[in-house]
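Next come two complexes built around chain A: one with chain B, the other with chain C.
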Partner chain A sequence: MEMISAQQIEKANHDGRRELFSRKNAEGVRPGSVVLVETFNGPGEKTTSTFMGVCIAIRRKGIDTSFTLRNIVMRVGVEQRFSLYSPLVKNVKVLQKPTELRVRRAKLFYLRDQPGKAFTSLQSLWKQEQLEKQQQK
Partner chain B sequence: MSIKLMTNSSIIGRALAGSVSRWTRTAATVASETAAPEFTPQSVRTGLIARKKGMTSMWDETGIRMPITVLQLEDVIVTDVRTADKHGYTALQIGSTIKKEKNVSKPLIEHFKKLRVGLRQKLVEFRVTEDAVLPVGTPLTANHFVTGQYVDISAPSIGKGFAGVMKRWNFAGLPASHGVSLTHRSGGSTGQRKWPSRVFKGKKMAGRMGGKSVTMQNLKIVKVDPKENLLYIKGSVPGFDDQFVKVKDAVKLKAEKRYPKESYPPPFPTAV
Partner chain C sequence: MIGLKGTLNVIDNSGAIVAECIRVMSGARFARAGDEIVCVVKRARPINPNLTGQAAAQKVKKGDVKHALVVRTKKEMARPDGRYIRFDDNACILLNNKKEPLGTRVLGVVAAELRQKNWMKAVSLAPRIV
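Entry: the complex of A and B
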């Protein structure tokens, strides 16, 4: 069964997602890092939607590995959970690494009760991302 | 004799399958070997014994996630044939998983010696139509089933022991407070009063739950791996891991609906 799981991950790992979420990767996704995810809008479509947020949980279950991102959108807290190896997830990008002092837990569910100061820096990161995208075009 | 057959039905089996069936053809008394039987909508193919290996998940082309159960075939061969004239019905006895001679009782060893097949741990009979009969010793592989076909899977369910009435029959129990004393999970009343002055037979009560044979019907085979003899089934399958499960073609679907159009007719009586 482990062999099957490894085989499946190999097949689904066409753009290096597994390395992004590896525990040994210092540049990878960790609880507290700011992540940007692009997903296809539908099964056959090419149009994408992006969601950016702080990674508050990583659930490691082989092919079913998923992670949750939290952000404050128009003064409403929004959490979205993504299946890492789903074909609908186009790409995953790390925008900011977590600061060593702030994060001392694997699951940051306490952020749900906090006022929202942790998410203010995300707005500037979003603007930066938009600029970079426009420059690329 | 039996030792030679045990090596033949291992991984190299398919290459040596020709020599095995040639040997059984001369020893057995099968009527006609010349014409390959044709698949008709009324034919019933044999089933297989597989071992439940575990569950995982896969995404289909539309991006929908499917839970998958993985079944593995372990040295599955035909150990005996039941014929209408000799036994009164037509069936194939299928055996799975090689067993060592030192772990098997003498009566069983003699039984296998008489059949002239390798020792097998689990034996199951599958009723078939006369055109689907296979010679004794034929190895069965995962290619017997076609990707995209529907199957029925039977296995003993996980035993739950002596289960209470809330788990066994989904009773609601009694309130947690408001004066209820010591009977929060009980079944309450079991009947009326002066008439009928008895409890009806079949009254739902606590008792042993699970461990019975359960059949899940119309499960789809999503992928077949002929190298490792794996079947990927969409959905869940009764039983715990490493359990022997019986896999058969779906009984409730007609032949055209059971198999996908590209692979109709299926390998008959079995693949290669």
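Entry: the complex of A and C
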């Protein structure tokens, strides 16, 4: 069973996303890091939509590994759960490591009630990201 | 997952603030984003007595029974590609008899399920869709 799971992950890991979620990777995604995910809008489409947020939970289950991002959009909190190895996920990018946040938990569900300063930097990171995209084009 | 007695914030400019669901129109027990419900206005903004005529007629009062469209739910919804999305509150916009939005503006983010279920007028009014 483990071999089958490992084979599936190998096949789905075509752009190195497994390394992003490895526990040993210091630059990887950890609870409290700000992550940007680009997803294709449909199975055959090339158009993408992006979602950025603080990673509040990582569920490690081999091929079913998923992570939840939380963001405040127009004063309403929005959470999205993405499957890491889904073919519709185009790329996952870490924008900020969790050093600013000082988290001491694996699951940050307390941020739903006590956000503190967790979401204040997201606006500026988003603008930075847009600028970089413009420059790339 | 809005069922009987479920409360929702009303996020258009029809004058209502809080609505309570009394029936889910599709016959199911619970409504998700993109479903139509019948609701009672539980709290509404006070109607300015100076306002007369057409503008006053479009504002709703407390106790009005209206159809509404659920646009955000606190219960996570599955997207066809395996993503789940969850908002921090339940929200709806009121509809008139012709299934069109009663208000002229929508204030706040709405779920993309509205587009899938063909609520194009509501989608065009929405400032942000996630």
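By our rule, the second predicted complex is superposed on the first by the 133 of 137 C-alpha atoms of A that agree within 3 Å, B and C clash if a C-alpha of one lies under 4 Å from a C-alpha of the other, contacts with A are read in each partner's own complex, and residues count from 1 in each chain.
Assume contacts are C-beta pairs under 8 Å (C-beta built on N, C-alpha and C of every residue); 3 or more make two chains touch, one makes a residue touch a chain.
Please read all numbers here as calculations on a predicted model, not as lab measurements.
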| item | value |
| --- | --- |
| Fit or clash between chain C and chain B when superposed on chain A | fit |
| A:Met1 touches, of chain B and chain C: first, second, both or neither? | first |
| Which of chain B and chain C A:Glu10 touches, first, second, both or neither | neither |
| Touching partner for A:Arg112 - first (chain B), second (chain C), both, neither | second |
| Which of chain B and chain C A:Ile63 touches, first, second, both or neither | first |
| Angle at the Cα centre of chain A, taken between the Cα centres of chain B and chain C once the superposition is applied, in steps of 10 degrees | 90 |
| Partner chain in contact with A:Ser83 - chain B first, chain C second, else both or neither | both |
| Chain B versus chain C as contact partner of A:Met74, first or second or both or neither | second |
| Smallest separation of CA atoms, chain C relative to chain B, angstrom | 6 |
| Footprint overlap on chain A, where chain B in one structure and chain C in the other make contact | 42-43, 83, 86, 88 |
| Chain B residues touching chain A - in the complex, by the definition given at the top | 53-54, 56-59, 61-65, 70, 230 |
| Residues on chain A engaged by chain B in the complex (per definition of touch) | 1, 4-5, 8, 12, 40, 42-44, 62-64, 83, 85-88 |
| Residues of chain C defined as touching chain A within the complex | 72, 76, 81-89, 91, 108-109, 127-128, 130 |
| Chain A to chain C touching residues, read off their complex | 39, 42-43, 51, 73-83, 86, 88, 112 |
